[in-house]
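First the structure, in the form of structure tokens, and then the observations on it.
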Amino acid sequence: MAFAAFATTTAQADPAPRRRSRVALLLLLPGILYLVLFFLTPLVSLLITSFQAPAEFGDIGQYTYAFNWQNYVDVVTDYWPHIVRSFAFALAATVLALLFSYPLAYFIGVTARRWPLLQSLMLVLVIAPFFISFLLRTLAWKQLLSDESFVVTSLKAVSLLAPDAHLTGTPIAVIFGLTYNFIPFMTLPLYTTLERLDLRYLEAASDLYAHPFDVFRKVTIPLSMPGIVAGTLLTFIPAAGDYVNASRDFLGGPDSQMIGNVIEANFLVLLNYPAAAALSIILMSVILVIVGIYVKRAGTEELL
Amino acid sequence: STGGAAKPSAAADVSDSDKTIRWDNWALYIDVDDAGSYPTLEAFTAETGIKVAYTEAVDDNNTYYGKVKDQLALGKDIGADVACLTDWMVGRLIRFGYTQGLDHANIPNLSNLVPSLKDVDFDPGRSMSVPWQGGFAGIAWNKEKLPNGFTSVSELWDPSLKGRVGVLSEMRDTMGLIMLDQGVDISGKWGDSEFGAAIDEFKKQVANGQVRNIKGNAYKEDLVNEDTLAAIVWSGDIVQLNAENGDKWGFAVPEKGGTLWNDNFIVPIGSPRKKNVEKLINYYYEPEVAAEVAAYVNYITPVAGAKEAAMAIDPELANNQLIFPDDSTLAKAHVFRTLDGTEEQKYGADFQSILLGA
Amino acid sequence: MASGTFADAGADLELVGIQKRFPGFTAIEHLDLSIPAGSFFALLGPSGCGKTTTLRLVAGLEEPTAGSILIGGTDVTQQKAFQRPVNTVFQSYALFPHMTVLENVAFGLRRRKIADPVGKAHEALRLVELDHLAARKPQQLSGGQQQRVALARAIVNKPALLLLDEPLGALDLKLRRQMQLELKTIQEEVGLTFLHVTHDQEEAMTMADTIAVMNKGRIEQMGAPEVLYELPKTAFVANFLGQSNLFTGPVIGSTSTSITVDVAGHRVIVPADRAHRHAGEVTIGVRPEKMWLHRKAPAEAADRNIMGPGRVIDVSFSGVSTQYLVAVPYIGTLIVFAQNMAFGPVADVGDEVWLDWHVEHGFGLEDEPVPGAGPRFAADTDTRSIAAQRRESLVTELEEA
Amino acid sequence: MKISLGKWLLPLYSALALLFLMVPIAYTFVFSFNDSLKSNITWRGFTFDKWLNVCAVQNGAVCEAFGNSLVIGSVATVLATVMGTMIAIAIVRYRFRFRSATSLLLFLPMATPEVVLGAGLAAQFLSLGVAKDMTTIILAHTMFCISFVVVTVKARVASLDPALEEAGRDLYGSSAQVFLRVTLPLLVPGILAAALLSFALSFDDFIITNFNSGAVTTFPKYIYISAARGIPAEANVIASAVFIFALVVVVTAQVSSAARAKRLAKEG
Amino acid sequence: MASGTFADAGADLELVGIQKRFPGFTAIEHLDLSIPAGSFFALLGPSGCGKTTTLRLVAGLEEPTAGSILIGGTDVTQQKAFQRPVNTVFQSYALFPHMTVLENVAFGLRRRKIADPVGKAHEALRLVELDHLAARKPQQLSGGQQQRVALARAIVNKPALLLLDEPLGALDLKLRRQMQLELKTIQEEVGLTFLHVTHDQEEAMTMADTIAVMNKGRIEQMGAPEVLYELPKTAFVANFLGQSNLFTGPVIGSTSTSITVDVAGHRVIVPADRAHRHAGEVTIGVRPEKMWLHRKAPAEAADRNIMGPGRVIDVSFSGVSTQYLVAVPYIGTLIVFAQNMAFGPVADVGDEVWLDWHVEHGFGLEDEPVPGAGPRFAADTDTRSIAAQRRESLVTELEEA
């Protein structure tokens, strides 16, 4: 009996009979068609746009169809620091969010199991930021981290911050904002795996002479890998493409602009659509490559 | 991904049946009372029965344009029947056919437009645009922290202000002020080398962290929370901020000159309420109304006769150099010359690349 | 034990006055237990009686509310699980799903930095004949194979004390018997102390040197399997460890060597040294295989108790033996086993039969007399397995989420 | 040494971490009572006004934006949940060709940064000559919600014991009946979770909305625009109200289900 | 059967030439089976032999690759599961977790629009003595209770044929025995045809009228429990259904009534009508309980086969009986059971003993002779439970994805 209960929580039985795939087709059709129409085709038109060239006698923002490879070369030459910076910021935010979230998720998912009410209450608080607009939260931080704020003056008072230094408009603030905003995306998947973590494995490890630290390193971490992978991806991907935190109207400054800001500026201000499209394609490709390698190496390919 | 798309055509007018106007404008650009309502607008509604939804939707010409351009290109409604944008941007909109021709017959008060603004290169004969307010870009500073004040842009680059200086994302104002500081006549003939020199200076100040941030009208928030202590700003805003926050800031047009500009009413191509807008323009061209707005916003009114009307309200007002500049003040103010499409693209990109920190 | 050495031999285990309370539930009332080194000790009892809890206390996975635990004479009550010279084969195996079989087995060795963990792990796997699957992940093994890996993973550490929590529960009978033999062999080979938890009485009896029968957090009786079986002290033991025919009645006579009980008019004699109570209402019993079935009334004899006539109401063949249910008026239904030493049943349903058994084979319980059999399905209403409980709590949790 | 720091460290940390997560929320909440004029960044005194007259400011622009967000969120949620659930069932229960291609197609939107999604779709609408309005926002939101629905519901479908459906068929249920009476009810928690997630994602989306909204203002877009000139305290009011509403709903649900569980435990 | 009527009585079931192939695996080679109406039929076999598959084919949850299925004479091969007059008690119970116990039981009645489903469901619950828990959800029941609900849910439909897939697998021995009794009683009461799948031979033997022993997708032998037990046809049956002592040797003489086999020098006689092969190398056997243990060489007798001397190498007490392992030179280890009709073992480890058995009790297999015992753990290397296989295929799938 115990065994049966155990089996159902880990691997699930093989899917039911694979019957007539006509039903499958009917089930898939609307959604897939939808995605083709509103995801795939835009992506293709973005690809086409990325090769356009300025119209010969055109005004600002006017382009014609061409096969202009140069766009890619240009944007990389102009904006490679932003590309690097975006991934660096996203990486930093991901790592920070992971470090922040893991103990919290562990507490909610494992320690608090005995108190379901506390558990769900804490969970609510973790997802609470979702209910207050992402932008409002960020603006709140902008004020809370402004030069004359309690935070900055205190940091200066204890010499953790140089007297002429500041937080808003710097990479630190942007990374901070990214971290803060994506913490729920990190905590939730971690929580889901940790909540299902079978404590018997931990007991078995400590029975086999593993020091609590070894138990954590050798058993808890590997077993929560699916959550770690899901959480890091759900943080890293949107963070790399984010432009709100780094926006100069939010937490960013000129030296902390990310690729999202560049794409936005090219799309909306400079009206350089090919450049924006080329950057989008580059961003997406790099992310896909990173995700591919990461997921392969982490050995959790069952993302979807 | 617009090719040389065909110019859109204007929407059918429903003004006679639909007595509303949606007006997009900059922050700090209209009179407001303590309850948060707009006295002149309320009077307008009382007079004409037309209700006005006034939105401070414009923070920066470029971002505003970015937001509405696709709709404009399709000739669709952009969510506003009238918007007030700066000369050069109005020029672009007119070039692209994104604005509706104004029926001067519906705006008899247009005769009150000051003569110097009656004919502008981007809109000869004012067939598409009518000035709303004008102003200077100059320097503002936090008087509590920096009691000495500023007379030149170079003073902003003082190391003691590192990271506490703000500049505008409006290229023509920020670059204009720097070029003027470098001795360039921005209304005259200048080219890549002059612009390049100014860009280099600007780039240096951004790169070394002197400039804290580069913003549109949102710069005022930074001044208020004191992230910036001195900034390149728009004239009238400071007076309004002072009114709200207790005379905290000083303002000056630099000795070597500031920029002078106008923001203009335009009716976007997709708006079906041009006639209502024409009534609105006509209303604001009443000298008394213009004076009332000017008295509040402290920008230069383009309405002749407003000064006299202001006299009637408060004689001191008529001497306010921000509203009714005299020749000596105007001598320091310069209009940034009109750029052609190629220049606009190039200089815009140069400037933007600094905003992006590239 | 965190050093790099092995235990040379099994150690003895002593539980002194152990009590364990969970919030809202006392799983163990008061437990004293002493297991000599090198023995194979079985803890037997129904689901929910506290077997797993006892084991977890010994392993250090649970802290006792009161009492102390000594292993090889050392008080380990304050030691953490990873410090105790004890290994467990878990009820659910708990093989690490992210490691290969080999790495699972080598885990404990690596933790203690014992030389050549891989070599030793292979050796242990060879012992359970699974070395060819060393590179697999646990999910890729059958239940029986997983069980053997769990065994190898524990044994490879040569613990002074090996705890086995129903390690055979998931196996089918055939495999189970094989594994029992195997376990016993391994225990004899390595000479460790085994503490084996089970609810299968046959398993306990065939494997263990000593059995303790647990019920509701207490030990009801403890001793060698034969002793427990032949001379159960309580009705619970008499019925849990095999089946029994129990009778209740007043003692109507007693000598120094025997007592006589009146069971609904039948005079039944029980040896005095096999009866725990010698006066008043007592419950006495006899094992079904000790009873003889007669087609005619057997002759009265001083050394035999006779019952009957009764009627056979069920005959059920189970291979080795045949079970007869005999209804005797005023007494109830009795069970008789007869080994199938010949073909076909001795009696058929409906036959009138007499039963008798040697006086020597009767026993008298220590219990207050029990009134007849309980309701048909009484067994599982108050004892519930942890698995079911866990599931339940999981469900409530889910509903709350 | 029985008093281990370890026992207290984790709970303490968790409490502090949650406190930290609450900081900007508390800030937003507090400043919803600020007697602010135009910009709401310096404290000017306490007032209930903004709560009492949320829709008064700017002709109710805040409220209108909020209403738009609700409508968009609801419609997109329904669309995405229906289509996503269908896909999830198909993926788990059927083997078909292009299965991995389908999985990839579902994964891609999640691996694509929002700017790219938003910009791509905007470019597409423009070149097709589609004007942007509520519909385009809904189309966009539905698109990025589908994948999240699929992931969420898929997990539920996969953990559904096929024996249950077989039992349904064995007990004289036709395919349709088994689906309606067994499969669907068992999927409900997953579907609800997916719908909730969709709604939250849509309600809070800014980047994609910004590219595809035309003249329509959603709540986040309203905030973005107002960020430049100063967010009115009314926005804080709405955000705080949404937060409190959600909190109350979730907590009530928790408490009542805990009570129910306790009652059942007592009966049992 | 989708109409609103009940089956009046059990129907008979016939499987004709059934074959079932899964992609890459043939679960059932060729199966012919006929179960008379009203009988209690047990399908017995090791894990993975195809029992569940057979059941699923009958229930209509799986389509046969070849062959046809007849219930009550009607070919139902093409019918869908919900159209067949068959109900199943699933191995995992498969109670609907979102419905109360009552609604679970009423489910089938409602689907068929049978009048008063609630009343009938209560009635069925009363039959399994769980009516007081009608309002609970399945998760709030213990394993045994869940099992009974599953039973009620099937029985309430009065199916012509009730399929039971190891419904007792999850219960502990005590409860299991109770439930066996219960099931048997219910079957007799309602008179339905039961097809019971199990891998517990004791269960099969005590419950079923007829047993079919399955191995690797084929039926090895079928018949009444006693017949199967007393006269197994193959080594598999001889060892799966209880234990056997098997010997191999050439036939060195035969008469019309018996054959004589030379087993490593011992002459062993088997009745001709109990031997399936009468010439060449043959495997013969005898059950351990049919053997007698002697401390002295018994006198030669025409009707007894004698083996020995041998040495007792293990004595294990299991309550009712004691098992002796006796090593006989050149022959191997033999198992002997002796019912414990007295206290203490008949012989001790190390004793020299002789064994004999009545010629009548021997049997001769149909198999080609098997060479000695296999490796110690051979049993589960080729038969593996579905669960493990499913998990495995899942893992490969994941790896591929």
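Order of writing sets the chain letters: A, B, C, D and E. Residues in each chain are counted from 1.
We adopt the following convention: a contact is a pair of C-beta atoms (placed from the backbone, for glycine too) under 8 Å apart; a residue touches a chain by one contact, two chains touch by 3 or more.
Bear in mind that the values here come from a model prediction, so they are computed numbers and not experimental data.
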From chain E, the most remote chain by mean C-alpha position: B
Highest C-beta pair count, chain pair: A-D
Whole-Å gap separating chain A and chain C, where each centre is the average of the chain's CA atoms: 54
Whole-Å gap between the CA centroids of chain B and chain C: 91
Between chain B and chain A, distance of the C-alpha-averaged centres to the nearest whole Å: 39
Contacts with 2+ other chains: residues of chain A: 1, 4, 11-14, 45, 49, 116-117, 120, 143, 212, 249, 267, 273, 277
Interface hub residues of chain E, defined as touching at least two other chains: 61, 92, 97, 140, 143, 387, 391, 395, 401
Multi-partner residues of chain B (each touching 2 or more other chains): 1-2, 59, 67, 215-216, 218, 225
Chain D residues touching chain E - in the complex, by the definition given at the top: 100, 103, 161, 163-164, 166-174, 177-178, 181-182, 185-186, 188, 264, 268
List of chain A residues in touch with chain C within their complex: 1-6, 10-11, 113, 116-117, 119-120, 123, 198, 200-201, 203-212, 214-215, 218-219, 222-223, 225
Contacting residues of chain B [partner chain D, same complex]: 1-2, 27-28, 32, 34, 36, 53-57, 59-60, 67-68, 70-71, 73-74, 76-80, 215-218, 220-221, 224-225, 244-245
Complex interface listing, chain C residues touching chain E: 46-47, 128-129, 137, 139-145, 148, 172-175, 178, 182, 199-202, 205-206, 225-226, 229-230, 240-242, 287-290, 316-321, 323, 337-344, 358, 360-361, 375-377, 379-381, 384-385, 387-388, 391-392, 395
Of chain B, residues touching chain A in the complex: 1-4, 59, 62-63, 65-67, 69, 92, 95-96, 162-164, 169, 206-207, 209, 211-216, 218, 225-227, 341, 344-345, 348-349, 352-358
